[in-house]
Amino acid sequence: MASSIRVRATSTGDITEVQALIQHPMDTGLVKDSKGELIPAHFIQQLKFECNGKDVFVADWGTAVSKDPYVKFSFKGARKGDELKISWTDNKGGSDTTTAKIA
Amino acid sequence: MKARIHLLLGSLGAALVAFALASPRVIAADKVDPVADAKAFQNFFFQKFPNVKHEDFVNGPYSMNEDMKRQWQEKEEFPPYEFALEAGKEMFSTPFKNGKTYADCFPNGGIGIRQNYPYFDSGEGKVITLELALNRCREANGEAPYSYIKDEMASLTAYMAYTSRGKLMDIKIPDDPRALAAYENGKRYFYTRRGQMNFSCASCHVQSPGERIRAETLAPALGILNAMPIYRSEWGGMGTTSRRFVTCNSQTRAVPLEPQSDEYRDVEYFLSYVANGLPISGPGARP
Amino acid sequence: MKRSLGLAMLLALSLAPSARAASEADYKAAYAAAEAASKEAAGMRNQWTVTVSALAAAKRAADDGDFGRAVAAAREAEALAKASIFQAVSEKEAWKAMEIR
Amino acid sequence: MTTTPKPHWRPHPTRRLILQGAASVALLGLGNLPFAPARAAANDKYPEEAFRQKSEADAIKALYGKAAEPSDKVKLDAPEIAENGGVVPISVTTSLDKVTSISFFVAENPNALAASYRIPEGTIPAVANRLKMARTTKLTAIVEADGKLYSATKEVKVTVGGCGG
């Protein structure tokens, strides 16, 4: 199945802008389902972006991050064609990783 | 809520009067004229909201409220319906067990045709919506039909809508009395009050677009289906036209009809026809 | 909201039996009438969700043996069903008044 | 156990791989250790303790261990009325330099700390994301620059969704 991470990385001059959208329920553990039972907490805790072997951005997330989370940031020091590695881990030990070429 | 009750009693009273006076004159004057209807419908909104650009009406509540429009535009940079779009594209090209694909069921391979749906099928004498056509295509190829309100149908219609983005809505009413009857039935459904709240679609989307009902900013009825299917933050997921109709009904405390029953197909026919000339903007993101 | 529910309750009370406790027979009669009205409303494709829940509440109360509450709920369901029938009949023409011309 | 900071010079490739290997192993191992020490967020570990705090003050103390002072160099952008409490687009930018961390706190949420970002050297100190807000609340963004904390706060109105039924 396609990766749960959608990334757009575009570089203009020395600055690379990165946008990521991740498919994940981000359940808070405080919501009840239709049968009235609590849906257990299930959310991404850490999201890491690496480029050229260096962490360029690390996110620590709590339960207040929206479902199908989105994040945007920019960093310097990368060029078109460099590879960006994105990986996340959630509180249930789930994880996913993908790579994207900087356009 | 108090106002609603006066409305309830008031309209029941008025209805009594109208009912008593229903003289032939009212019936005779009512020749069905969709062209005139569409013009009057669009002018009503263009005059009520003079500074909303005509094509902006398809953006629903965002055409009514600047602060919300900014939040929407920010979300549109990387919209939450991205996953449904990609899933739809994948499903659209995955062949059925018999080797055929959806492209074989639709004109132009299903690409860029959403603006012609729903259409009136003279053979069957009924309105065919995009969702119905997709399920019929599945059944014709030996596949089980999808639920009309769940994600698979939303993903398929999302992809087909995306391939028509920007094309102008172009719904035809053939010269067939049954087509006129279906259009009129859709119009009747749109203006008929229902549920204990005694609301019709028009009570919210014609009388008070741009205003709030609790937290929701109401969308104008003009172009209200152009963005379907929509990803609603409220639902935390995709919603087809069927899901929107069913939930709207239950919110007025009316028991919803079966998805794709005649009334729903006809009201979709009416609403799409009067939005002719406005661009398709699906799939959409909504509050 | 309160007014229309009050209206329905008022309607129900006016039909209430004398002071003696409601029996299962009273409940069966009240429920049958409510169900008939609800079927008619459904037949006109204009059923209200509150009618369905009032009918269910009547059945639940009867199952608990509380026939007083069951009769009241059935009466309310009947009143709501009748209101939705009235709405459907009057809207047959009334909708034209709202049409954009 | 702390990972050695990334040296500026290009270390011998295999040494770097070993370092990276050690770092990722450390990370996995410490994923959900109960006693994560409440030290500055600059290290690799997930600030479990800070995310568990209810109030904003406790969360800031657990995450950074020091107080923040409001600064107009921190530009926080958030909607006046959230169209939907579940998806509130917010973003922060700052003209401060040597920024090492940016965090968002939603005062009225069950747990105040919503998200915390580590900004390595070379990354622009600006973040945009979408948060959940339980009800009308104060939203605070805190930027850690050169070891000091600077904050900006805005109120976001959140209303109950749905229209009846």
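As written, the chains take the letters A, B, C and D, and residue 1 is the first residue of each chain.
Following the convention adopted for this analysis, a residue touches a chain if its C-beta (ideal position, glycine included) is under 8 Å from a C-beta of that chain, and two chains touch if they have at least 3 such contacts.
None of these values were measured; they are calculated from a predicted model.
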{"item": "Pair exhibiting more inter-chain C-beta contacts, A-B or B-C", "value": "B-C"}
{"item": "Computed distance of Cα centres, chain B from chain A, in Å", "value": "34"}
{"item": "Separation of mean Cα positions, chain C and chain B [Å, integer]", "value": "32"}
{"item": "Between chain B and chain D, centroid-to-centroid distance (C-alpha), Å", "value": "42"}
{"item": "Intercentroid distance (Cα basis), chain D paired with chain C, Å", "value": "55"}
{"item": "Touching two or more other chains - residue numbers and ranges from chain C", "value": "49"}
{"item": "Residue numbers of chain A (touch at least two other chains)", "value": "67, 70, 72"}
{"item": "Contacts with two or more other chains, residues of chain D listed in rising order", "value": "86-88, 128, 130, 165"}
{"item": "Chains that touch, pairwise", "value": "A-B, A-D, B-C, B-D"}
{"item": "Contact footprint of chain B on chain A as seen in their complex", "value": "2, 6, 8, 19-21, 23, 67-68, 70, 72"}
{"item": "Contacting residues of chain D [partner chain B, same complex]", "value": "79-84, 86-89, 128, 130, 159-165"}
{"item": "Complex contacts: residues of chain B adjacent to chain C", "value": "1-2, 4-5, 8, 11-12, 14-16, 18-19, 22, 26, 30, 37, 40-41, 44, 187-188, 191-196, 198, 200, 202-203, 206, 250, 253-255, 257, 263"}
{"item": "Residues of chain C defined as touching chain B within the complex", "value": "1-4, 42, 45-50, 52, 80, 83-84, 86-87, 89-91, 93-101"}
{"item": "Touching residues on chain B, where the partner in the complex is chain D", "value": "61, 67-68, 70-72, 74-75, 80, 197, 204, 213-217, 233-234, 236, 247, 250-253, 287"}
